[in-house]
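What follows are several structures.
The same subunit A turns up in both complexes below, where it pairs with subunit B and then with subunit C.
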Partner chain A sequence: MNPATQQTWNQANLKANATYQAERRRVTVEPITRLEGHGKIDIFLDDAGDVERAYLQIPELRGFEVFSLGRPAEEMPQITSRICGVCPTAHHMAATKALDDLYQVEPPPAARKIRELVYNTFVLEDHALHVYILGGPDFIVGPQAPPEKRNILGVIEKVGVEVGKRVISMRRRLRELIAYFGGKVIHPVLGLPGGVSKGLKPEDLPQFKELAKDGLDFALFTLQVFEDLVLKNPDYVKLITGDTYTHRTYYMGLVDAQNKVNFYDGLIRVVDATGKEYAKFPARRYRDFIAEHVEPWSYVKFCFLKPIGWHGFEEGPQSSVYAVAPLARLNVAEGMATPQAQKAYEEFFNTLGGKPVHHTLANHWARVVEMIYAAERMVELVNDPEITNTNLRVIPSAKPSVGVGVVEAPRGTLYHHFETDDRGLITKANLIVATQNNAARIAMSVDKAARGLIKKGQVSEGLLNMVEMAFRAYDPCFGCATHSLPGHLPLSVSIYNRERHLLRQLVQS
Partner chain B sequence: MNAPAAELAPASAAPAKKVLVLGLGNDILGDDAVGLNIAREIRKRLSASDPMEVRETCEMGLSLLDDIVGFEELVLLDAVQTGRAPPGFVHEFEGAELRVLPSGSPHFLGVGEVLALGRRLGLSVPQRVKIFAVEVQDPFTVTTSMTAPLRQAFPAIVEHIWCATRQLL
Partner chain C sequence: MPKPKIALYWCASCGGCEEAVVDLAEGILGVVEAVDIVLWPVAMDFKKKDIEAMADQSIVATLLNGAIRTSEQEAMAHLLRRKSQFLIAYGACAHLGGIPSLANQFSREQMLKYVYEDAPTMVNEAKTRPQVSCQNNGHAMTLPQLRQVVRSLDQVVEVDYYIPGCPPTSKLTQAAISALLAGKLPPKGSVLAPDIALCDQCSRKGSKPANLSFSQFKRPHQTLLDPELCFLAQGVVCMGPATRGGCEALCTGGNMPCTGCFGPTSRVRDQGAKMLSSLCANVASKDEKEASAILSGIPDPVGTFYRYGLAKSLLRRKVDLPVETPETP
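The block that comes next holds the complex of A and B.
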């Protein structure tokens, strides 16, 4: 390691600790101890050289509420979708639903169906990107493959160039559907309180029908790829079900009236570690169930189940930690609303030993099950006679005050909460994003992986990769932050001794 | 859905221009918008017949493929926070210095990876890439204005990048 870096750190650390000691009643810590970084992990060792605690640092957006104050609520679907370059459609839809709630207006059936069509298209596209490109190196290529193969070209080599072309082409077509309704994918302008801005012309319907059908073929094909390359490999199955990546926590996700997975709408259902329903509530009541815990070492606010109270980064019945995202959604639901997805859902739980599944890495498989549902739902919607109806808007007339909207973003439950004055100008804005919901469990996964790989000061080879796999399964959103580095997203691990002196830095290279 | 559905062609019509100047960033995240802002300034200086085209995108990763296919040369304008240079400092990287596979993170699709993927799939991606990454102070605060040091340095940054970019023609 660079001695200058080490020296700078140690000096700054002494200073920060002195300040902290002097003001220990403060909850916040001087910035130097809250190292900002992109997927930066800090590991603190005890006297014996074993892991005392490992921390994952995720940069957090600042100033969102200040930026929103005084703006017309109708701008929120545009503003929030601009926050993140990864899931603009999820923010757009959550904000649009918050506006429905704010103005107490229910969109007409065709508008609701168009929103749902766009949303399922988005989930299918985003999940495909993760399965093949982001998670692909872990599963399609495999964690034991040589480093030079563990990348997108390794994935292409394994699945073939034709499949690679199919993935890219499918992704493009799905994005074209989103753009048809919302304009630019990145800044959609579809959602309005009480409806949508654009309908589906009957003459354009055939190409959407074809796309939905191809999307379903593609999703089923992806399941086949996953089964062939992952599930037929006993080593992978062992890895998925291994203790390192397993946590017994609560799960949260949206369900429809039949308790089936739904990305767009429904009630929020929470099940405990045995799979029993713990709570079921509408978006408006989210504050009765979710509270945020602050740790001095992180900007991230860790969500927990409020009625239980915060009991630390623990699993088991006393813990209030919960997870969101694909695995959580499958765990909270009693099935999938469409036939092929239901079949895949049953196979998932049969193979992994029944509900709920606590293996974090099973998120990758759950994502494939959800791709099938998203595609089947697209097929249903484009074949629904109402989808081309031109009644697309109910004009709001109620006086605004509070609006809460929820959707299942690909990465998990996303809440938007706005409050306004009588004129509809924002007086308060709060978002709870998926990665925040998952933050406590992600921290536990990183910590557990580190504990298993560092013993008595000895750091196992492959630490970076194994720790990285622990949090990548959640697909945590570094969102906009990843913009700030052209070309690569380095993961760095810093290891400190008992006195908080930096011993070693590992950087992915 | 105006592009041919099943093809890999870019979303817009095939570009006739030689050089693509692509500004990256988020326009409501303070300094993160610097690449977009520079792109806008450069666009103002171009005539319609210029062999250079300027685009802006808030997306990243695989989405870049949609923009870059069909161009011979690519110039990227982005924000970077290395902490090793003052805000406004312009880091320059050439294609060969890019962390292309396999040295980058296997999971984040960076520019090097997108180019490598494009080539592997037989798409006509730019042969040469140059990156101008402006050191920024605060790319995490939601605001439409850049920080003072960056605003101050901005005209000089634009001039520098403009001159460097024109040499590519």
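The block that comes next holds the complex of A and C.
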């Protein structure tokens, strides 16, 4: 081809491409009402008007692993807590435990118990927030109730203003305990390698004993509310056990030496979709089992089981997708370490037909079972004579190099991994965060809910609430997932036809 | 008379500021009844076009938390500025850049490469990265663009007031909202917190030596921390002297030093420079070699002195970061 012809050809080609690109943008971008600060779901329909694919997108990244470089390791509990202001205590504790490992130092018994007390208080408080304010209203008020009733005010209307007051005051008192030890409840400061900064004065113990007792009463009362309003309603039970929210995947969670649920410490156990143990490993070996996958359409990374390899957003025998959080923890464990929680655990599996339970919406019930355990553990700890001991620190002397810490955040297994130079300055950081573990399964739930509810171009009015319910069961924290956006995620759904024209857009809070 | 319209919005933040507002719960019921909240993504539904359709300045006040990193956050900051009579930077990230602005020591490319390619758990042979726009099986998808640097709110739009802290306290938030509703506001540009050093609110103030002299700096994990003695007297760096009060010394109450989240008082231009110069002036040795041995006890000066304020500081960012080119993916 002569150069002049080639040039003309190339110019024509470029122009054609530019026109094509402009056309694509006009169709796909322009109609999108950007709901900033929101997660975004795009649903694409095929020629028949059925769902081809639904996507959940997360729109931001902050890069904590990178800007941790060069920082003193002992600052990580306070820096990484800023990943999430909803569950700062989880990040604070995971980082603190990574520091214990980094410096090869065991906190004295009282320090360990204070950490556990703070941590179980945090889990109880955070679960209560979810049960009464964020997720629970779907059940307590009812999934068919109008949106303006599906909130804490609707809950109060249903269960009475006294109960509402009790919830608010219980959360406040639990948060005061965290602030007592941590200085602040949002972004606490107590964690140091080998201990905690502050102890419990004997004169302050009685108020915390009373709080733990009230906390347990409150957790048992919550189970009663759940049983009366949800389990005694056949429609709700049908909803929980229905296919729309069911996925057969692997499950992951921390267990103690007896394979009982533990939030603060233990080994990570993974079971397969039949409930059989697939793996059990200490935090240090997390890289042998967990890997991350990236898609070009979201800033969030999707975790999967490394030995199996990534096979897409699918369930089935070849799938490497796993779930974490309350339901997963109950599925991987062989029971609860405290009596009342054990009783609730048995009832849970007896009612839902044995282990493992694959119904995503059962997370709500599992969360209440865990509230009882957290409260019973609080009672044990405040009645432990060692809790007021003043020996709270072991000063590290080992040369630091690598530390990995793990805890069960309310929303699932949370790993902090730091590497340092001899001075304890960070040279590498890696964070595997609760909701990230669940990200693939959440994406599957959204896709499945959309497929189940949109047929032949008919978009069910109930779609939004049904998708929303799939979401809320996981209690997703996208601030954690991307180390970026905060909290409990409002959501927009856009539906496109085969020609990629926006058919309609739905928004929920 | 219609109730005054208030908006709450978040950008690059952790959600702690939202929790701080939720924590007002019992105390703020009266205030909530007095206003009409038109926008609060964490708690209620909204559409950007609804906000766009409102008359300019029809929102009395917007409390915006979080730093500005993405194209989307930038656009929302401009929109809310236009629609609001008062724009209030709420919390350390909007006020000063916050902890996310420590990322300004690193390039965007370094961050994306590590997160999506080099992180130890990453499996990504194809080196896939999130794209501003992409085609996935014929489905056109878009994401907001990450800018080169993190900025404080007032580096993007004009700001009327600041409520400091990581997070702000309930007391300050409530006082600010009450002042706003009563129309009793201080001069524009004010930080709505006491203009005193944190030391003035700290129970350890009495033990702060009149003449400090540092022969060694200890990192908090290297020493048992006395629960009553001034941290500086213990040789532990505490940002109290260079930091604005108003939090009522919560961290020192938790037996850990202040890390500076309220930013400087009005009399200090640069919080980090102020702290650094005051510490250096009190290093016990004037011998260069000895002095640098003492200062090696502060191995991360940027993270120590500019923990919450790198974006807004005189340093602002790493010098050789690329210049912003918005069309770059």
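Here, the second predicted complex is superposed on the first by the 451 of 509 C-alpha atoms of A that agree within 3 Å, B and C clash if a C-alpha of one lies under 4 Å from a C-alpha of the other, contacts with A are read in each partner's own complex, and residues count from 1 in each chain.
Please note the rule applied: a residue touches a chain if its C-beta (ideal position, glycine included) is under 8 Å from a C-beta of that chain, and two chains touch if they have at least 3 such contacts.
Not measured: the values here are computed from a predicted model.
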item: First, second, both or neither for A:Lys276, with subunit B first and subunit C second; value: neither
item: Touching partner for A:Asp204 - first (subunit B), second (subunit C), both, neither; value: first
item: Partner chain(s) touched by A:Pro193 [first = subunit B, second = subunit C, both, neither]; value: second
item: Which superposed partner A:Arg423 touches (first subunit B, second subunit C, both, neither); value: second
item: Which of subunit B and subunit C A:Arg472 touches, first, second, both or neither; value: first
item: First (subunit B), second (subunit C), both or neither touched by A:Leu69; value: second
item: Subunit C-contacting residues of subunit A that also contact subunit B; value: 36, 59-63, 66-67, 79, 82-83, 85, 147, 168, 172, 179, 185-187, 484-488, 490, 508-509
item: For the subunit A and subunit C complex, residues of the former touching the latter; value: 24-25, 27-29, 32-38, 42, 44, 52-53, 55, 57, 59-63, 65-67, 69-72, 74-75, 78-79, 82-86, 88, 99, 103, 147, 168, 172, 175, 179, 181-190, 192-194, 197-198, 286-287, 290-299, 301, 303, 306, 310, 393, 395-396, 417, 423-425, 428, 430, 432, 479, 484-488, 490, 496, 500, 507-509
item: In the complex with subunit B, residue positions of subunit A that touch it; value: 36, 59-64, 66-67, 79, 82-83, 85, 129, 133-135, 137-138, 147-154, 156, 161, 164-165, 168-169, 171-173, 176-177, 179-180, 185-187, 204, 207-208, 210-211, 468, 472, 480-491, 508-509
item: Complex interface listing, subunit B residues touching subunit A; value: 1, 3, 5-8, 11, 24-29, 32, 57-63, 65-66, 76, 78-81, 93, 98-99, 101-113, 116-117, 120-122, 131, 133, 136, 139-143
item: Subunit A-touching residues of subunit C, taken from the complex the two chains share; value: 9-20, 23, 25-26, 41-49, 66, 69-70, 72-73, 75-76, 98-100, 102-103, 105-106, 110-112, 114-116, 119-124, 128-131, 133-134, 136-137, 139-144, 146, 166-167, 219-225, 227, 250-256, 259, 299-300, 303, 307
